[in-house]
Every structure is written in structure tokens, then in C-alpha cells.
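What follows is a set of structures for review.
Here come two complexes built around chain A, the first alongside chain B, the second alongside chain C.
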Partner chain A sequence: MGLREDLNSFYMLVLWDLSQMKRRTVFVVMRISWFVLQVTIFGLAMNAMVRFRGIVAQGIDYYHFYLFGVYSSMLFSISVSKAYDVAEEFEEGMIEYLLSLPIKRKVLALGRSVGGGLAAFLFTVPMFLVIFVLLGSFEPLAMLISILAALVFSVGVTGFVISVVLSLKSSDTTDIFFGVLDALIIRLSTVFYPAVIIAKIAPYYYASLVNPVSHFVDLLRTLFFFEEFKTIAVADPYLMMAYLFGFAAGVASLAIYIVERRVEGGGWK
Partner chain B sequence: MYEIIMGNVAVKIKDFVKTFGQTVAVDGLNLEIYEGEIFGLLGPNGSGKTTTLLTTATIYKPTSGDIYVHGYSVSRQGDIVRRYVGIAFQEPKALWIDNPYELLIWHARVVGYSSSEAKQVVRDVMEQLDLWEHRKKQFYQLSGGTRKKLEIAKVLIQRPKVAIFDEPTAQVDVLTKHKLWDVIRGLKAEGTTIIVATNDMFEAEKICERIGIIYKGRLRALGTISELKDMVPQGDVIEIAFDGPEEQVKKIISTFPEIGHFTIADHKARMFLNKGEEKAVSIVQALASSGIKVRKIMIQEPTLDDVFFYFTGARLREEHGAA
Partner chain C sequence: MKGLEVREALLITLRDINRFWKYKFWLGAQIAMNLADIVIFAVIFNNLVNRQYIPDYVKFLATGILALSTFASAFSIGREVGIEIRREFTHYLLSLPLSRTALVFGRIMSGTLRGLIYQASFIVLAMLVVGMPTLEGFLLVLATSTLLSASMSSLAIAISTSTRDFNLQATFRSLTYYILFFFSNVFYPEEVLKQRFPSFLVTFIKVSPVSLASDIYRWAFHYYTSIDIQFEALLLTAWTTITLLLASLLYMRNLTKI
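Moving on, here comes the complex of A and B:
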């Protein structure tokens, strides 16, 4: 199989995941509704309660910080929800069909990771646009990089999810694992609290430092409000970007390894 | 009848073992399937047929041993093997994703057709299988037979060198069955090597040139249908109605050592032997030369059911010490 065939397979797998989006309309409508509630009622209420002065520059309040946090958690949750799709596919024998096709295993792993990540990102595009509007920020370069970062992040998370689901091979374990993971990863990050605040609790702080969600959300914040947020981010913007790419490349490699070496049909519990 | 030409080996199964936890699904299977033949894999449920087929299609990995498709190892060269193999699953897959047309278009694109070619080939195959009218239906609206046809359509679109059909006509009506058999024969005519797993003896007799009987993960018998029938000890039955003394007939029949056992009653002799069609002439000649008038002769060979039972059921009793 040459490069042309591989690219065609990759493209078709991405299309496959995108074509699944319509099956999840209800799920996404619910998430969007929850997002709207969070950025309006909860966000504004919390902004009234949280004193942000002394942490970042004047003119920036907790609401600015919170908006990116909500978006990041949404993107993470929607990417993680791919786990349930993959589990369902396994249960229904879909994986056996995909494994039988004339597609290289590494292309299969990459295609599904990128397709799933892209689908998750597209689900959140309306939320991203709402944030731009709420912030009143339309800096083209910042928007472009943030979109790219969101894509890389969701592809990474989806690759991780696929690797784990295909290793667990159990719908019950998948439900429990990702339920706990979704809750833990968001909480052990800088999604809702800045690194300087959580630094007082060492385990929490160090967990957030290695958490890709922290790097993603803080990268978004510094992209739009560099001067205001650079001092409270988990790392330098370039480091955060490198971390995100490393995370995506790492989990994509893991997904390739698992799909190439371990995955086979049947045996789903 | 088919002519069997032992050509190049398309699929070679060598010391293949597959276990799932403590369960041994296939236990040291050795088998060669030749290019361009229709090979039937017969066995009761749980005998290891589907496991063997799914491993050939690289969906399972061998626990030990290997399967080679056109010389390429399923274990080590799966990416290449998948270019040669197409499979129609026992249970239709992926049909809930979209309507049949969209699914087959996606399938066609994945197996290498361009967008315009895909539309054409999908239409051709759907029309060939009388699926065109169902193209926009949802999965739950399709009958079992239609779903089976869709599964087979994927293989027809792919046109692989080795086509695998896992119980292709299970739960389909007689008309559809015959249609699908014709389709499978058509693929063979184009040079495709075909492997069919089936429990349906009639189907095996209708379309398969050689058959392997698999039971408890092991190959119990292999050959053409007539070879397998000959393997059943005293499987043929010759029944001769005659006029003359029964004692004399008994003496004459006893002179044929190849007749395993026989019964005589009401001027009818029933003889159990192998290759009955070859022996019948000499038996009749012996009777006639002794003045016995043969009124009627009937030769009955074992059915594939008998063969299947002999190689699976009979052995089952032996293994349990009940035979």
C-alpha cells in the first residue's frame, strides 16, 4: 500500500468519524445548553463572588479566566465521550469490520484519533465562537493558534481514549474509568483555579503541572491575554505548545502501538 | 460437477492454534486452500470455523502457528494480507451507521475506488443483488436476507483475491439462497479463491469443490465431496430385489469381501460397502450367472449429512466412550 492509498484510507476514516456526528446531536445539544448556562448564570455569579484583583492585571476579572476553563472542560469531556462510541462500536462488531479492511493498522489508529478529535472539536466550534464574542477578542493570530491548539488537544485526548478503551475491552470498566477520569482530570488542572492559587496544595499543584488540560487552557488564556495571564500560567507559552504537541504525538503513538500489536476482534466483556 | 485442479496454494494454514483465555478455539489446524477453488469449512457451532476465517482476515491474531495468504503471513504481514482478503461476516456489520447506499459507497472508497467509480460499482452490485430499492432504508427496516446480501455486496465491491463467506445463506429464503450461490460461483469464475463456512450440508454440496470438516478446533476430514463420502466405512448402500432362493444369494454376496455387512429379507438384499457404484456391476453379474434374476437395483451413497455426522457425531460418541 502506497502513500496515496494510506492518505485515502486516512481521509475515509476521518470522514467516518465526522459522519457519526449526527448520531450525537442530543448529546451535543445538552452540552451546548450546559455551556450556555455556565457562561451566563454560573460564570457571572462566580465572577461576582471571586476576587481576582492582585492576581492579574486590572481590567481582567475571573470571568475571563473562567470562560476558557469552561470551554476546555467541554472540549475535554466531548473528546472523552468518544470512549463510549468506541466501546459501542466494539460491542456491535464494528471494530471487526474496520480491522478487516485493507487499511494499515497505524493509519487506522491515526485516522480514528484525528477523525474523533476533529469531530469533538467541530462540536465545540459554536462554543468557541461564543467565547470570542463574550471576550470581544478577534485577534486573528490568537484565534488561529487557539483553534490549532484545540484541534491538537482533542486529537490527543481522542487518541488516549481509543488506546485505553481498546486495552480495557470492557464497557463497564470503560464507563467507570472515563467517568472518574473526566472528573479527576478537570479538577486536577488549572481549568477553574489558577496555578498560583493551587500551588498551596502541593499534590494538586504538581498534578496540574503535568495535566495536558492545564497546558491547553493556560495556553488559550495567554494567547488572548498574554500580559495579564503569563505570570499565572503553568508554563511558558512555547513550552505549553510543545507540551500539547508532545502529548498528542505521544498518545497517537500509543494508539498506533496498541492497534498494531494488541487489538483484535472479539473478547469484549 | 467441478473439476479439481490442484493449483497454487492461496491460503496455507500451518499449525494454527487460537485460544481465548482457557478456551482452545482452534487446536493445531493444518490446511491448504488452492487458488480459484470454492472451499467449504464445515463443522458444528463452536468448532473453530469462524475463528479460523477471522484470523485469515487478520481480525484475530494466531496464538501460535500461522496462516499464509498468497505467501504472506497473517501474523507478520497483516497489512499486505488485507489487500488480498475480503470477508462477509456471519452477522452483518456496520449497517446501522447509515443507509445501505452510503455504507457501500464508504466501503468502496476505502477499498480503493474513486468517487465516481464507487458510485458506479455500488449501483452495479446493488442491482445485481436486488438491493437498489433498499438503498435509502434504515438498518432496522431491512430484512435478515437483505442484511446478508449487503454483507455479501461488500465482498463483491472489493473483488478480493480471497473471498471469505461466513455462513452466507443462514436465515435467508430459498430464492435468495440460490441467488447468492450464483453470485459466489460467479466470483469463482473470475478467479477468486472462495472459502465458505457453513452448517448447511445442501449448500456445501451445491457450491463447494473441496470440504474440510473441523470439529473441536481440529481438522477431522478433508477432500472432495465424493472422497469424503468414500471415507465413511460402508457408507454406500446397494439394494437389490431378486427372484430366487435367498440362501443362494446369501452365499454369493458372502464371496465379496468388500461388503461390510448385508441383510436379506423378502427377496431384497441390502449391502453396505464403499464405492458401491463400482461394485454393483460385478455383484449383479455374479447373481445373474448363478441364475438369480435381478428385478431392481438401487445404489444409495451417503449424504453429506452422513459424512458430517460420521466425522463429528461419531467421534463425539467415541470420545465420550459411549460408542
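Moving on, here comes the complex of A and C:
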């Protein structure tokens, strides 16, 4: 098969993943209500409770810091929820069907990662727009790069999720693995607290430094409020961007390796 | 309920408790989340909070998580009861040689026990992190957990059986869960809420069952010393009585009408 057929297959897989979005109306309603309560009740109460002055430059309060965190944690959780979809596909025999199609496995892995990541990102677009409005920041370049970063991040997380579910081949193990992972990754990142605060506890700090969620959320913060957040980010913005691309490319390669070399139909527990 | 009905309700309870262990993976993830809230989130956030409002956030949250854990676990019974309504498994339950009162109370009792079982390890953790309560305090913790767990399991059962539609069931359950979760003082104290929100909202949060339970736990573990404990305990009892009554009637109705 030539490049043209591969691209066509890739396109069809992405479209297929996007078409699955319709099935998730309840999920969207739940996420939107969670988001609304996070940015109103929870965010405002946390803002009143913390001492943020002295940590960042004046003019920026914890609420600004927190809004990016809420968005990042939501994008991460929605991307991770792809695990449950893939597990369901395995139970319904959909994975075997996909494996039997005349599509290169490399294309299959990439198509599912990109399609799943794109679907996860599209779910969060309205919330991303609300964040821009709440921050009162509409810098075109920052918006463009942040959208690109969000897309790369969600594709990376989806690629990782697909690799793990296809390796575990078990609904129960998938449930606990991603439940625990979601709980730990968000809390061990700079979603709720800046790196300088986490630095007081060394193991948590090192975990947050290698955590892609930290790089994504701090990249968003520095894109919109560079002067205010540059000193408390986990790294330089270029490094954070490179880290995100590296993460996405790395997990996409892992997904390709697993789908090409390891995955066979059946054996689902 | 008569003696025989109590026995029947106990049988239903035991059956549901046995099924609880089927969800060990859900339980594992839930425990990880609640533990991560205390040993990661609270420990780090403790360095960020204003000490004027919260002198020790780890102790504050460890006692709040007690309320959250029993609430989340007791609420899980709603999911199962909802599935039964959807798959018409309720017909089988209704055909069993037991009274409907026994069935309804058995389900609520099992939801209550699930909450208590799940919470046990977090009580031990709170004792290690916050300190030992007095005997009176310990008994109050047990009574509070039973009340909160009973009201939350009955509420979840009533919501989940109000419709056959899976999407609506999940949406109603999640919305109720989020409202009880966010509109509570588990993560933030009353003084902070007073600063930011209108008084009616602060009052609404203060009298929610999860907030009342958190306050009582904080008092029992000596974190709070100046709350009107009798009033709060009375209010939680009133909440539980009303919820139990309404939810039992609704479940009884929904078993045959939905």
C-alpha cells in the first residue's frame, strides 16, 4: 500500500474516533457541570484561602494560576477516559475488527492516537474559551500556541492510554490503573500549586518535574502571563514545548510498537 | 418491621455486602484518590494556605475526607440499583418471597454498611494524622458516619431509580454528587466562604449533610472546639430522617411504576 492509501486510512480512523463523540453526551454534561463548579465555587474559595502574594508578581492572584490548572486537569482526565472506551471496544470485539482491516498497524496506532486526542481536545474547546474570557486574555499568538500544545498533549496522553490498555488486556486492571494514575498524576503536578511550593518536599518535586501535566500547565501559564509566571514554572517555555513534543512522539512510538509487535485479537480478561 | 422482615432485610443486606467486594477495582481507585488528597494534595497545599484561616490543612482535610469517603462509598449503591431497574432485574427481586419493606430497608442498610466499611481505614488514618478522639468523640464519629451513610445511600437509590434511561440516571447521580461535593466545607472553612459568597450560599453549604458531618468529625478529633455540636448533630439527624423517609417511599414506588 502506498502513502495515499495510508493517509486515507489514517483520515478514516480519525473520523471514526470523532464520530464516537456523539455517544458521549452524558459524559460531556458531567464534565461541563464539574468545570462550572470548579471555576466558580471551588476556585473562588481556594483563591480566598491561599497566600499567593510574594510567590508571583503583583497583579496575578491564585485564581489566574488555578484556571489553567483546571483546564489542564480536565483535558488530561478526558484524554485518560479514552482508556475506558478502548476497554469497551475490546469487550465488544471492535479491536479485533479494526485489526482485521486492511490498514497498516502503524497507521492504526497513529490514527487512533490522533483521533482520540483530537476528540478529547474538541470536548474541552468551549471550556478553553471560557478560560480565555475569565482571564481577559486574547493574545492571538498565545492562543494559537496554547491550542497546539493542548492538541499535542492530548494526543500524547491518548497514545499512552491506548498502549497501556492494549498491553493490560483487562477491564479490571484498566479501571484501577487509570483511576490511580489520574489521582496521582494530577496531584503530583503543578495543577494546584506552583513548583516552588512543591520543592519543599523533594520526592513530590522530582515527580512533578518529569510529569507532562506540569509542563503543559506551566507552558500555558507562561504563554499568557510570561513575566508573572516565568520564575515559578518547572522549566523554560521552549524546554516545556520540547518536552511536550518529545512526550507525544515517544508515546506515539510506543503505541506503534505495541500495536505492530504485541497486539493480537482475543485474550481480553 | 416484624421479626421475619428484619431477617429478610438482613439477607438482602448480606447479599449486597458480598457484591460490594466485586467492585474491588473501583474501591482501589477510590481509596487511591482519597489517600492522594491527604498525603499529596493536603501536604503540599499546607505550605500555601493562609494560616489565619487554617492552621493545619492536613488535619483539616483528613477529617473532611472522612465525610467524603463515606459519602462516595454509600452513594455507589445507587449505580447498582439503577442497573437493576434498567435491566428489569427488579422483577426478580419483587418475585422473591420477602416483603417490599424488607427489600427497601435491606438495600438502604447495605448502602450504609458499605459507607462504614469503606470509611474504617480513613478513621484510623485520621487518628494517626489528627489524634485520638475521646470515647464520647469516637461514638459520635460512628453515629455521624451511620447517619451520613444512610442518608447518602438512600438518596442515591431514590435518584437512580427515578428513571430507566441510563443517560438520565448517570446525569442525575453525577449532578447530585458534584453539588454535595463542591457545596460542602470539606476543602474550605466557613470563614473563607463568608468572604467570597453571598450569605444564603454560605448557609446552604453550612447545612448540607456532608458539611455537617465534616464539622462533627473535626469537633470529635479536637480540630474544632467552638461549634454548636448538639445543633449540628440534630440537623444531620433531621436530614437523615427526612431523606430516609422520602427515599424509601420513592424507591418503593419506583420498583413497580418505572
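In the analysis below, the second predicted complex is superposed on the first by the 269 of 269 C-alpha atoms of A that agree within 3 Å, B and C clash if a C-alpha of one lies under 4 Å from a C-alpha of the other, contacts with A are read in each partner's own complex, and residues count from 1 in each chain.
Quick note on the criterion: contacts are C-beta pairs under 8 Å (C-beta built on N, C-alpha and C of every residue); 3 or more make two chains touch, one makes a residue touch a chain.
Every value quoted in this text rests on a predicted model; they were computed, and no experiment measured them.
The superposition on chain A brings chain B alongside chain C with room for both. In the overlay built on the shared chain, the residue A:104 is in contact with chain B alone; chain C does not reach it.
Looking at the superposed arrangement, the partner reaching more residues of chain A, out of chain B and chain C, is C. Of the two partner chains, neither chain B nor chain C is touched by A:148.
Touch criterion met: A:20 reaches chain B, while chain C stays clear of it.
Applying the stated contact rule after C-alpha superposition, one finds that A:12 touches chain B and leaves chain C untouched.
Touch criterion met: A:96 reaches chain B, while chain C stays clear of it. Once both structures are fitted on chain A, no C-alpha atom of chain B lies closer than 15 Å to one of chain C. Of the residues of chain A, not a single one touches chain B in one of the two structures and chain C in the other.
The touching residues of chain A, when paired with chain C in their complex, are 25-26, 29-30, 33-34, 37-38, 41-42, 44-52, 172-173, 175-176, 178-180, 182-184, 187-188, 192-193, 197-198, 200-201, 204.
Listing the residues of chain B that touch chain A in their complex gives 20, 54, 57-61, 78-80, 82-83, 85-87, 89, 91, 93-94, 96-98, 102, 106-107, 109-112, 158. Residue ranges of chain A in contact with chain B, taken from their complex: 1, 5, 8-9, 12, 15-16, 19-20, 92-94, 96-97, 99-105, 264-267. Residues 25-26, 28-30, 32-33, 36-37, 40-41, 43-45, 47-50, 53-54, 166-167, 170-171, 174-175, 178-179, 182-183, 187-189, 192-193, 195-197 of chain C touch chain A in their complex.
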